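Shared between the two complexes below is chain A, which pairs with chain B and chain C, respectively.
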Partner chain A sequence: MAAIRILIADDNQVDRKILGRILQKQGNEVIEAVNGEEAVRLFHECKPEIVLLDVMMPVMDGKQAALQIKQVAGEEMVPVIFLTSLTDAYGLADCLESGGDDFLNKPYNPVVLEAKVHSFYRMREMHQTLQRQRDEIAIHNEHLMHEQEAAKAVFDNVAHQGCLSADNIRYLVSPLAVFNGDVLLAARQPSGAMNLLLGDFTGHGLPAAIGAMPLAEIFYGMTAKGFGVRDIIREVNSKLKTILPVGFFCCAVMVEMNFERKSASVWMGGVPDCYLFRKGSGELEVMTSNHLPLGVLGDGKFVDSLQEFNLEIGDRFLLWSDGILEARNPAGDMFGNERLHDVITQAADADRIFHDIKHAVDAFQGRAERDDDITLAEIAMVEPPQVEALARSQIQAAKSGPMDWSFSYELGPQSLGNFNPLPLVMHLLMEVPGLKSMSGQLYTVLAEMFSNAFEHGVLGLDSKLKSTPDGFMEYYQQRQQRIDALDDGFVRIRMNHEGNGLEGRLTVHFEDSGAGFDHVAMLNRRKAELADVGDQQYSGRGIPLMNQICESVEYMGKGNQVRAVIHWPQEQE
Partner chain B sequence: MELNDHFDTESLTMLKEVMEEEFGELIDLFVADGEDRLPKMRTALETKDAANLMGMAHSFKGASGNVCAAPLSALNMQVEEGIRGVPETSVDWPRLADLLKQVEDEFSAVKQVISQHL
Partner chain C sequence: MSVESMVSGDGQELTIQVSGRFDFSAHQAFRDAYETPASSGVRKFVVDLSGTSYLDSSALGMLLLLRDHAGGDTAEVSIVNCNQDVKKILAISNFEQLFAIQ
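This part shows the complex of A and B:
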């Protein structure tokens, strides 16, 4: 053991000499002071590790000296031991109050003295270790905060606001939610449909945040290309399964809102029950997760079946991660499902629900320490967004992009059941600058044509089913059953484009293996309807938007073929 | 005169071991300190300077205790305690005079024993 530097202060030189001698013989370095004042001065000069002080000394007594020494020492631990007689019981409390750590009785017992010195020296070393570690932790923590800020900046660039600010979305998410593992994303497809995903990764900090980056990138990238919930959720699952370590996964709920069709598709995996609030009836429908969280199953075992809903204007989904249920009040109780349910059912009207939930959770938590990991979102059914008006000026006059091309693309039964060809087709169309600026409309037209060819043509589903809520469910059940049983059939897509760079014409031709229908009769019926009630009513199962965009739409053959011609630039309304 | 009438001989042996060649010097220092201190204590008694007398008795108690002169340390403690906590007007000066006389006599005896045995 290295020599311990010890300061002793005693006005009595006999005592001082004996004490100094004992300490030296025990291998310590001794500094002697004759009173408190000298002790304080020598403390400054020599930085001793332990101080032994006589209580009664002239000029400055031991208590005063202890006070000053402790003050100088600050955060450093310098043990101060008072030298007393067993009989000097008076004033012991004062000694402790002035900062003394212990007492040593006169006459000195060398064994006791050595034990005390060593035990205080160890305590001092421990204290120093603790402080060093505390400082290291503080530095690490600061470092971590910097890293998190940097990581958040990167994440914010990937997971920008999307369309979270849309009028039909309300949400609550902590600024640092990504480090609680919570993610909330929303974006519009080219068709105007809206995708929203609320995810909750396991764990906290960077491990929880790291999976959010690829998730956001896939979500935005695929949404922009027109993919819906099924394709995106499958892709995200596959990616997360590949990159996340075992035991890490992402509970998620994803909603795709189709405003044209007034319907929604929902995938839920591992999140607590969420609700669909029907504005008209005030009914609250419980939605339960029917899948494992994302990143658990490999692509082969992953199930992308969806819950389908038809909606009215003002109907809304209320979505959350488990943070809201686990919010605690000062007594430690959790907010829980029951309170949440009560708040929603007691809300004065649908538009107040979101606000009321926020308010109730706030009030419940009171001044309890906020976990800040509450993520909450509401998305409502509204009228479709206005098709973006197309300004002629936006169209590039240059003869850029491919003008004269055509292709034919045929999908067999296996492809039809597993694959959505529209993003790929859209990708080809977007190479034509004149078409790019009308991507939303184009997507709507193609989606409608493909869905007619596939669902009504190949699968033979009856669109009338979808007009009632029960039939709506039935429709999607039948759809899945028939896809599973599909072993022949095709959809053939042919496209042809011609143009001169200033204007162009796209011809889209769909043909399916279905039985077709009596299109001549339908046309006659429509003509009669038009004559009867005018243009307004002509929107049964039809697609007014198609007629608005297409120069012509015509059925051919036995009704299993349809041809649409789209001219660009479109005339402004 | 016997050493063990005035010293705790067991502790004294230990002190000798600790101090080694400095033991003699320490004893000389103790004697000089006492010779210097006792006249001052007597002056304090005569001028009824209670605080000073108490301080010197306290210090003398510690030093004599440390050189193992237990009876001398005990007498000094009696002087100290005759003053500590006692209101100045109620100090029993005749008793302190008696105790100081005993301290002086014990110190003389200690010195004599030292010169004979140490």
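This part shows the complex of A and C:
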């Protein structure tokens, strides 16, 4: 064992010398002080590892010296052993009370002395090891936090705000520095429809942030190209399944709001029950997750079936991850479903619900520690938002790009069932600078034409079904059944563009394999419908809108063909 | 939290019992329970949650890991004796699509 540096303080020279000699003989390095004051000074200078103090000394006694030495030593453990001839229990206990670690009785027994010195030295070493480990952990932790903050910053950039600040969205996300596993994204499709995704990754920190990044990229990238909830959720699932280790997944709810049609499609997997609040009736409809979380199933087994809703202005979805239900009060109780339900049903009016929930959870938590992530979002049905009018200058500056072109694209039964051609077609159109500023309107026109050709033409679904709420659901059920059984049919898209760089004309022609319809009679009916302003229709909204954008819309043949002509630049209203 | 496992007499079935809170702290013990040499001939896995008071999302992750270990889509894993709270968590996640829940 290496020499231990020991400070001894005793005003009795004989005692001090005897003790010093024993300790030196046992291989230690000894520093001598004649009173407490000198002991404190030498402690500063020599940094001994163990201190032996006589209790009664002139100038400064042992207890006083022990107090000061312990103060100087701070976090470092310096064992202080009192040397005493006291024998009464109170006197001995008092030594320890004043900061000593042990006492040694005079006269000294060398064997006991050596054992005590070694025992305390071991204790000191153990203490040092602990402190070193504690410091290392603190440094590691600091590193980790730093890395997670960086990950969070990267994630925040990828997952930016999107259109979360839109008037019809309200939301709450925990303002934690470290990524908490919850994701809230919202963005508009070119058509003006809105996609919103609320996700909750298993775990916190890095694994969650790593999964969240591709999720956000896919969400924004595909939304900008006009994809809806079905395609996006499938793509996200497939990506997460590929990159996340088994056992990591993302519970999610995704909503696609179609303001033109006053409808919404919802996919839910692994999130607790969410609500649809009907403003008109004040009813609360429960929406239950019917899918596994994202990233669990491979693409082949993944189910992308949606819950379809028709909505009125002011109806709103209330969405959350499990954080809000698991928020705890100081007593440790969870906020839970019942309280949440009560807050919503007791809200004075629809516009207060979000605020009331936020307030109730906050009040419930009180001063309790907030360890969980509370993510809460509300998205309401509103009048179709104005698609921002692009500056005319931008259109006029655009002289380049393809002007004279045409293409045709035919989709067979297999493609029709599971493929949305619109993003691809839009991509082609967006190459024409003059059309770029009209992307939203163009998308609306194409979406309308395609769904008419596919749903009413190829699938033969009756649009009248959609005019009642019950029929609306029935419509989507039939739609799925017929898609599953589809083994024949086509939709043919032909486009033709001509222009000179300053203006141009796009002709879009759709043809389908369906039986067609009496388009002359329908035209008359449409005119009548148009006159009926107080419409409660869930379908047929697209046509007046198309007439607004298109120079002409014409049905042809037996009603299975339609041609729309769009002229640009358009006068912005 | 405690995790105990038991292989049936014929060596075909492994029962894992989790008591208390089934959360991240059970991670290693749960994994050890099915990765033991004794479980090499096991075809059927039973997770007994009769003593489990609570289950969090990392526990769901562990169940997925067990399913993967047991052969993924061909795995025979059943989850038995769940209390109401646990059942609800499994239902929200639609885990009945992956596991036989009794």
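Methods note: the second predicted complex is superposed on the first by the 531 of 573 C-alpha atoms of A that agree within 3 Å, B and C clash if a C-alpha of one lies under 4 Å from a C-alpha of the other, contacts with A are read in each partner's own complex, and residues count from 1 in each chain.
The working rule: contacts are C-beta pairs under 8 Å (C-beta built on N, C-alpha and C of every residue); 3 or more make two chains touch, one makes a residue touch a chain.
No experiment lies behind these values; they were computed from the predicted model shown.
Superposition note: with chain A as the common reference, chain B and chain C can be accommodated side by side. Legend: residue contacts after superposition of the two complexes on their common chain; A:332 is shown touching neither chain B nor chain C.
By the touch criterion stated above, A:249 is placed in contact with chain C alone, chain B being left untouched. For the superposed model, the angle subtended at the Cα centre of chain A by chain B and chain C works out to 70 degrees in steps of 10. Of the two partner chains placed by the overlay, only chain B lies in contact with A:107; chain C stays clear of it. After overlaying the two complexes on the shared chain, residue contacts for A:74 are found with neither chain B nor chain C. With both structures placed on the common chain, the touch criterion links A:293 to chain C but leaves chain B unconnected.
In the superposition on chain A, A:11 contacts chain B only, with no contact to chain C. In this overlay, which is a superposition and not a single complex, chain B and chain C have their closest Cα atoms 55 Å apart. Chain contact summary for the complex, chain B toward chain A: residues 11, 14-15, 18-19, 22, 26, 29-30, 33, 55, 58-59, 61-63, 65-68, 73, 77, 81, 84-85. Put simply, chain C touches chain A in their complex at residues 57-58, 60-62, 64-65, 68, 73, 92-95, 97-98. Across the complex, chain A meets chain C through its residues 200, 202-203, 246-249, 251, 269-273, 289-293, 296, 301, 322.
Interface of chain A with chain B (complex): residues 11-15, 17-18, 21-22, 25, 54, 56, 85, 87, 90, 106-108, 110.
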